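Below are two complexes that have chain A in common, paired first with chain B and then with chain C.
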Partner chain A sequence: MDIFVQQLVNSLSVASVTILIGIGITLIFGLAGIVNFAHGEFLMVGGMATWFMVGAGMNFFVALVLAGLLVGALGFAAERCLFRFTLNRPMNGFIMSIGLSVILQHAVIRVFNEFQKSITDPVGMVWTIGGVDIIAMRAIVVAITAVVVAITYFGISRSRYGMALRASVSDRDTAELMGIPVRRYVTGVFIYGSLLAGIGGALMISLFPITPFTGSVIIIRGFAVSLIGGLGNVGGAVVGGLVLGLVDGLSAGYGYPEWTDAYSLVVMILILVLRPQGLLGGTLGPKAS
Partner chain B sequence: MPVTDNSAGKTGAATGRTRASHRLALLTADNASVPLPASVQAITAILLAVLLIALPWLGLGYRFLSIAITTLYTAIGLYGLGLQFGQAGIMSVGHAALMGVGAYASAILSVQLGLGFWTSLPFAMALSAIVGGVIGLPTLRVGGQHYIIITFCFCALFVIVLTNGGTFTGSATGLDVGSVTPLPGINFDKLSNNYYLVLAALFLALAATYLIGISRYGRTLRAIRENEQLARSVGINVDLHKLGVLMVSGLFAGLAGVLQLYYLRHISPTLFGAFPSLYLALMVMLGGARYLYGPLIGAVIVNFLPEVLNLDPVDSRIAYGICLLLVILLLPGGVGAGIKNVYCALTGGSGTQTQGGGSNGRA
Partner chain C sequence: MRQLGLGLAVAAAGFAMALQTARADEELPIGVIAAQSGSFVSAGNTIVGAANLAAQQINDAGGIKVGDKTYKIKLYIRDNRTDVNVTIAAARELVNDIGVKAIWGTETHDFSVSMAKITGPAKVLQFSGNSSLGAVLDDKAVADDGWLHYAFQSEPQEWQRSGSTAKGVLSLLTPQLKSPPKHSVVFVGNDATGQYLSSHYVKALEAEGQKVDLVQYPPDTTDFSPLLTRIKGMKPDIVHFWYNGDSTLTAFPQALKLGVAPSYFLFGVDPGIYQERSLKADVPVTLSCVPVCWGSSPYPEVKQYFEKYFGLGAAKGPQSSVSLLYYDYFFWYAKALEKVGKLDDPDAVVAELLKSDYKGVVSPVPLVFNKHHQVTFATEVCMVEPNTSDQFKCAVEQPPAAPPPGDNGG
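Moving on, here comes the complex of A and B:
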């Protein structure tokens, strides 16, 4: 039982990173209409930046915020210089994002190297709750994710901006006529999603080592999460992330660990074929023109 | 590149295009593309054939010829991808896995049953075609990006299966095969003979692509690409056509995979994973999927660029990425479209716009 609870907490912390990247993708794909395959690389860049800053003696939590901002700026640049020009042709944007992901991956290898990087546990405490040892950092990761998710959820579903954003998605032309600056919203969503990826990367490197190739692995999980939940659906991304994180964490503990990656892929293919709008419903993705 | 695949039910109301006239034009005649004069087409084809056949005699060295072989078998796979994307508008980023199906089928037949190159080739190609069709089944339900993600998943799954396949698939280390069974008088251990083998297959792929492009079948595919619902409403069996082109594409992929296997003589799962698949997508976009020589151009650029610029692998990959971004931003139809437009501008003819519709045959 103790082992089960530990596995559960571990799975939750892994799921947190997946949820963060899943939310970023669900927003960018579902609301801004951009399929950004480089999103995983954004996360990796965030992790690498954190590694670099912590290595230079900076406090982890400061580095986390800076990594988020840095990747947000990266997202801004990518949107302004690249994706802005392909909004009407999502397929071209998608192919471009592949190019961007190759560039980022190898730029990181060029600047640092291809070996895995890790930082020491920034908190370094173990809490014992009811006889179960819980690594404090893992709990903090879960807590940070919960806060971010809550902010995003209420931002999208309750705030004026969220409403305007959803209006732009369901009918772009009318939203523009109502005076909503749709383009600016697209940019804003892209930056916000990227910022989440940066934070996710920082949290990820606090849990386990990452390599320049981590991004291309995690992106699949991100897509799986966002598609399971339904694109543009923040709550769905959380559910998807939890399901996937728990399946992965528990299968690593109990099942066949060498097939761990296969589960999320199979789940994703099934969902895409059987229920393209996701389990909880969402947009069908960018309006393919 | 135009707007691609609309999945049923969400056809592009979002575009500002006036569709009505456009639709009819595309279904009745392929006049969106202005084919180049037959003489130009023939001259280009002959020049290209002569150049490719003469290549081993130009004394460019062993390394050059090796890269040329890699380029050619990659191009064969790309012609399949070019057909499904350029003609039918179905993009895939799992195409290397389809090549892998062919390569592994042939390798397993060789290891388990002792079948050689020629005997295993039909089986491997057939299996690739069937797998291509099976993976294609979801396109009948979902379109666009969803399908792309499915192909990517398939590709990742394929690598996991191969890696966990034990001795049957050789796990992570992969499988080895012997050399191509010699034909009377031709020993394929010699690099230039291997080159001609791959070249012959490339000519087959080119001819098949050309014939499909000018046939009624090709026109129907382009009609489906431009407007699936309309194509359905005029009585075209859209599902059958889509599956058909995916199976043809699988056939090409299988051929390319077997050629790759017998050139390298050793295969491992990483050859058919996500990265190679993405590169195939890159090459086909770079060259221009709708042009007869587009895939070949893409393969040549991507394979020879690092060699010409003398880049190490990391830099060359950064260069690929930058090339891809530039091509998409500046030349959405690929380099093939660029060359055709330049040619048309020079001769004063009316060239296809890069956005126009399916020109098949750059020249």
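Moving on, here comes the complex of A and C:
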């Protein structure tokens, strides 16, 4: 029983970082209409920046905020200099983002090196409750994710900005005629999604070492989470992340462990076949014009 | 007129000197194919580091005297981007367009086999530090007309490495535990290399009396906690993190936090990295290097080698010691060329390599290729004192004389 409860706790923490990257992708892909395959590398850059700042003696939580801002700035630059020119041609943007991901990987190798980086656990505590080990930093990651999810959810569903953004997704031309600065909103979403990737990277390196290639692995899960939940749907990304986390945790614990990745991707395929709009529904992604 | 004669004499002397220099600087083209980008870059860069150091040392010492000519090594280094198709294209270019006499690489097991299908027909020697070549290096393959006649495995056979590692780990850990360990879990990445290597290691542990469970994880896993929780439920005496040093460095701290086992073994994690990462465990932990450690070098030659290797700018990584699977063979190849006295007789060079030995850095015992073109040398295993990051007790374990029961050796 202890082991089963431990696996449930593990599943929750497995889900957290995935949810963060999933939210970033679901916003950028589902609302801004940009397929950014380099989003995983944005997360990696956030992790590397955190490693650098913590190594230079900075407090982890300060570094986390700065990493978010840095990657947000990177997102701003990428949107203004690259993706802005592909808004009407999503496939061009997609291919460009693949190139950007490779460039970012090798830029990081050039600046640092190819070896994995890690930091000392910022909290370094393990709580044992009823035979279940709860790693304190993982609990903090879950808590930070919950706060980010709440802010994003209310920002999208309740704020004027969020409503205008959703109006832009429904009918871009009408929204523009109504005076909504759609282009500026797209930039804002891209920056916010990138900022979340930076925070995700900082949280990730507090749990696991990362390499310049970490992003290309995690991006697949990020897209899976956003598609399972429904593109553009923040609640959907949370549900998607939890579904994948549970499948990962329980299949690793009780299934064939070497197939752990396959189980979660099979679940994704089934959901997309049965509910193409995702579990909670979404925007169905960018429309080519 | 006298001035003209003097000028002509000076010009002639200059021309002669230039000719002399040109002769002295004749090039011996050698190819290196390694991952300088992509997921295997941390191992790939070690080959390039070793090649650069060896070529520099050979050239600085005057080059290689073959017959009446002296050759300087000219390296043609190609990045395979951890991609088998790029590897094949690079091998074709090096063999067909540049005309290299030998190729070092790759570190990726199945890529080396693909390369051999290009180097073999072209009679280009290939030195690959992959133990899984043992699965294909047999009497027929290495025969004069065999497809691997020109391929050499510069890493010991896997049953040898597994045997020496298992013995070393158990002999270091047993005195540290309350009762002799009986149950081991081998935790390994589920890729071609992981499957091949762990199949031998499981047999080696069983030969040492261990009950062994094998748990495989998908490559590129970062959150190991569900799998480690499963292993904890198996109540093992030792968890052996096998094969991939980077994955081990990700999983091991998670295992410590979850209290998975009373002792651990980390394959391919150098004591230098353990110290650099400030890893610390309150239970006994053993480490092994492929083949000897830079963080706790067993011989003075190894220590000097790593000082020069890192001095050339190579980064200190968990797999830096892999460079030693490549370095010595430059000197051995040069020695064989000098002995043969001809550059364009690869069959004679192969024959010379098979009948000669070479005392290099990697082993105090001279290296010898067996009839299947494979070398044998020992493996270094270290134990970290509990609650320290820098107190190591190391032993160099010799390989067993024969494969364990159930292991066909290939």
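General remarks:
What we mean here is this: the second predicted complex is superposed on the first by the 281 of 289 C-alpha atoms of A that agree within 3 Å, B and C clash if a C-alpha of one lies under 4 Å from a C-alpha of the other, contacts with A are read in each partner's own complex, and residues count from 1 in each chain.
Here, contacts are C-beta pairs under 8 Å (C-beta built on N, C-alpha and C of every residue); 3 or more make two chains touch, one makes a residue touch a chain.
Owing to the predicted nature of the structure, the values given are computational and were not obtained by experimental measurement.
With chain A as the common reference, chain B cannot sit beside chain C without a clash. Touch criterion met: A:E258 reaches chain B and chain C at once.
When the two structures are aligned on the shared chain, A:H106 is found in touch with chain B and with chain C.
Judged by the touch definition given at the top, the superposed model places A:M163 against neither chain B nor chain C.
Touch criterion met: A:P209 reaches chain C, while chain B stays clear of it.
Shared-chain residue A:A143: touches no atom of chain B or chain C. Look at A:V266: by the touch rule set out above, it reaches chain B but stays clear of chain C. When the two structures are aligned on the shared chain, A:I129 is found in touch with neither chain B nor chain C.
After superposition on chain A, the stretch of chain B whose C-alpha atoms clash with chain C is 61-69, while the remaining options among 61-69, 115-123 or 205-213 stay clear. On chain A, the patch touched by chain B and the patch touched by chain C overlap at residues 105-106, 109, 258-259, 261-262. For chain C in complex with chain A, the residues that touch the partner chain are 37-39, 41-42, 45, 190, 215-218, 220-223, 225-227, 229-230, 232-233, 246, 249-250, 253-254, 257-259, 277-278, 315, 317-318. Within the complex formed with chain C, the residues of chain A that make contact are 3, 6-7, 10-11, 13-14, 105-106, 109, 113-116, 118, 120-121, 126, 133, 135, 204, 207-211, 213-214, 217-218, 248-254, 257-262.
For chain A in complex with chain B, the residues that touch the partner chain are 29, 35, 82, 85-86, 88-92, 94-96, 98-103, 105-107, 109-110, 172, 216, 220, 223, 227, 258-259, 261-262, 265-266, 268-269, 272-273, 276, 284-289. Residues 1-7, 10, 12-15, 91, 93, 137-138, 141-146, 148-150, 152-154, 156-157, 160-161, 163-164, 274-275, 278, 281-282, 285, 314-315, 317-318, 320-325, 328-329, 332 of chain B are the ones touching chain A in the complex.
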